[in-house]
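There are two complexes below, and they share subunit A, which is joined by subunit B in the first and by subunit C in the second.
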Partner chain A sequence: MATTFHTALENLRSTRVWKSIFRRGPAITNRTRSVAVFGNLFLHWLPVKVREKSLRVRAAYYLGSLSLLLFILLVVTGVLLMFYYHPAAPKAYHDMKDLRFVVSNGVFLRNMHRIGAHLMVLLVFAHMFHVFYRGGFKPPHEFNWVVGVVLLLVTLFLSYTGYLLPWDQLAFWAVTVGTNIISAMPLIGNKIRFVALGGNIVGENALLRFYVLHVVILPLIAFLFIGVHFWRVQKDGGLTVRSKDDDDGKN
Partner chain B sequence: MMEKTKIESGFSSDAKKEPRRIVFITRNTSAKVTDERGPKLMAYPHLLVREAIVFEVLLIGMVLIALFWDAPLEQLANPLLTPNPAKAPWYFLGLQELLHFFPPFVAGILIPTLVLLGLIVIPYFHVNVEGKPLWGEQASKRLGIVLGVVIALLLLLVVFDAWTIIVPTVLVAALLLASYPSKATTGWRGALGTKPLSWWVMTWFIATAVCLTVVGTFFRGPGWSWVWPWGTHAG
Partner chain C sequence: MQNSVPENASQKLGVSRRDFLSEITVGALGIAGLGGAALTYQYFSPNVLFEPSTTFRAGNPDLYPVNSVTFLQDQLVYIVRTPAGFFAVSAVCTHLGCVTQWKPEANMIACPCHGSKFQPDGKKIEGPAPRPLPHYSINLTPDGELLVDKLTTIKADQVLKA
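On to the complex of A and B.
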């Protein structure tokens, strides 16, 4: 069985189509393995080589990777949800009902998006605190820490703008409470709140604005900064490895 | 191979004359290179396989949760019917708990702005980059300053009756003082004794943020009064 599979894979790899796509032999030498990373658009922001110590679970608990993977999952489930959603009151609420009672696996789709969103906020916080305790903000990583703070803010705004979209009591009052805080800002507080809501109350205009922010503007900003963040990890010399990280795997 | 390549090692100063070298060492230099950060592995496959496993575990975990825990959906939004309490999303409930104690400008604008600025400037303070312990030198003088700051902070919080901040502050301060004599080099007191000031500030911040968020999420009911999460109350 294993031999059959192996032969099939070998045959596939020797076809013209396969070779035209990957333009390299099987990744069995260090050179072809390097090409597999930097010759691939989707992997080229990764380093070709990584320190053995930074691969250990304790080095990062994969918190950064998990945040990125959650972002990808949220984009996929979010785009699927967009097929069933109208950013208008009260149609938005009826779309939620349709997701529950009409659309196949609609509840599952919404659950996945919601759990992913909460988990992402949680893991981005965890990522930041873990990086702090490891000293990952120290030179030469200063700027990437700041990019990370921006990404934390973008994550919070993404989650918060999405919170309004179901247009139920929970969403409406959570956003009302949150945006009332902006009014406490001296001089320009009320003006900023007006711009954010497209009016003085959380209404249809606010729903549309939050929707556009949630599905277009904020994801694009997140995408941009995630790119910079990962690129800088590589350019700043990889994950922080402390001299404390002993070879016996302790700490 | 038809012919064994002869490889020699030795000292030389001319790279061009020694084309078959495997190591080229000029006189008066050392070939010893120490790299505490350890050896490197190829990202493909070592990193990518791990990422793939992490992704699969994440996806399986999320699917399991999504199958059994439905997203809530309440009644249609009604601006005329205010629920009591009206709560923000969980990650802002710490702020909402602050609003209970402090004026809106302080809790809603000043403190979040200061926290954000604090986070941004962390890496640009080149104080104590080596992470020297707080009690490393001038311990008694530092103890005086720390005690002064903690007591002043606690008095301020008492004035505002902000006891959900007082509790984590007292806990972290107790740990801080427990680490003071630092005669113990092992155990939890010894471990705490090695921590720098920045560690203590961040730990206090996280403890406070977690306490505020948990209280705001689970222990606040109508009129932002104290309720038990297992108690029966409206909403």
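On to the complex of A and C.
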């Protein structure tokens, strides 16, 4: 069976289509393995070689990966929710109710999105605390720490903009109170609040603005910074954050 | 050769052609960027709002008995009438924007969100609210109705004489 599979794989690799996609033979030597990584868009930013030490990870190191996983989950469930949601008052509220009581599996998707969002905020904070207490902001990781802070803010803004979308009393007052904090800014506060809400009160314009921010602008910013964040993890020498003393020791 | 530019022309000006052109370019891009930012700001400031009008008629003054506080639900304004006259007090708490409630039994305006308390004329009694409730401009229309303008705040001692 194993030889049959092996032969089938060999045959597949010798086809013209395979060769046109990967443009090289099997990765069986160190050189061909390196070339395989360099020549792939999705792998080329990964280091070709890593230290064994940097692969030794503990459970707490998964916090960042779990945040990414939740982000992907939220994108998938969010896109699915968009099929039944109109960002208009008062339709938005009825759509949310329909998702809960009328649409098949709608309540499952909505709760997955909602609870997933709460969990992501929690995990991103846990990730930040872990990195902070491990000294992960120290050189050469300072820049990636700053990128991480941006991602924390993007996560909070995503959470906040999404909070308005059910268009219920909780959403309305949370955003009323939150945007009133903006107007406490001297001189320009009221103007910024007016532009953020598209009016003087939390109305249809505000709902549409928060919707566009929530489903287009903030996710794009998040994608961009997540890409930089993961890329820098590799370029800064892997996940393991250890001082030189630790490296010398048996730890 | 007589018409050619002297070799030290750029030295005379103290700036090379390349630097001049790049400074011009950066300057032009900067002006264009500022203009773009201004246009974007204008675009995001709506000119027509589908919100309740900020100026409204509050009806005939006789609707409001002396020593009364009347809450206008649609406008979030209290029309207060004292022996001295009328004033219009905002019903929106100055703390975080919740709608306050008139408590006639306690003779105070109270906020349900964080417990701020105000006198009927908007003066702060206690609570996290940092400022008293603002007074809106209140006037009479030519046909004798009360007219409140919520975009104009006036001093608390300005009273529309009854």
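Heads up, the rule we're going with is that the second predicted complex is superposed on the first by the 179 of 251 C-alpha atoms of A that agree within 3 Å, B and C clash if a C-alpha of one lies under 4 Å from a C-alpha of the other, contacts with A are read in each partner's own complex, and residues count from 1 in each chain.
One rule holds for everything that comes next: contacts are C-beta pairs under 8 Å (C-beta built on N, C-alpha and C of every residue); 3 or more make two chains touch, one makes a residue touch a chain.
Keep in mind that what you see is a predicted model, and the values were worked out from it rather than measured.
Q: Could you let me know whether more residues of subunit A are touched by subunit B or by subunit C?
A: B
Q: Let me test your reading of the model: by the given contact rule, A:S104 touches which partner, first (subunit B), second (subunit C), both or neither?
A: Neither partner.
Q: Once the structures are superposed on A, label A:G198 by its partner contacts, choosing first (subunit B), second (subunit C), both or neither.
A: In the superposition, A:G198 touches subunit C alone.
Q: Report for A:I181: first if it touches subunit B alone, second if subunit C alone, otherwise both or neither.
A: both
Q: Between subunit B and subunit C, whom does A:N30 touch in the aligned arrangement: first, second, both, or neither?
A: After superposition on chain A, A:N30 lies in contact with subunit B alone.
Q: Just subunit B (first), just subunit C (second), both, or neither: which does A:D168 touch?
A: The first partner, subunit B, only.
Q: Starting from the residues of subunit A touching subunit B, keep only those that also touch subunit C in the other complex, and list them.
A: 173, 176-177, 181, 201, 203
Q: Which residues, counting only subunit B, touch subunit A once they are in their complex?
A: By the definition above, subunit B touches subunit A via 36-48, 50-51, 54-55, 58-59, 62-63, 65-67, 69-79, 81-83, 86-92, 95-96, 99, 103-105, 108-109, 116, 119-120, 122-124, 129, 131, 199, 202, 206.
Q: Show which residues of subunit A lie in contact with subunit C when the two form their complex.
A: Listed in rising order, the residues are 173, 176-177, 180-181, 194-195, 198-201, 203-205.
Q: In the complex of these two chains, what residues of subunit C are touching subunit A?
A: 41, 44-46, 49-51, 54, 96-98, 113
Q: Would you tell me which residues of subunit A are touching subunit B in their complex?
A: 27, 30, 33-34, 36-37, 43, 46-53, 55, 62, 65-66, 69-70, 73, 89-90, 93, 96-97, 100, 107-108, 110-112, 114-116, 118-119, 121, 125, 128-129, 132-133, 135, 137-139, 141-142, 145-146, 149, 152-153, 156, 159-160, 163, 166-174, 176-178, 181-186, 189, 201-203, 241, 243, 245, 247
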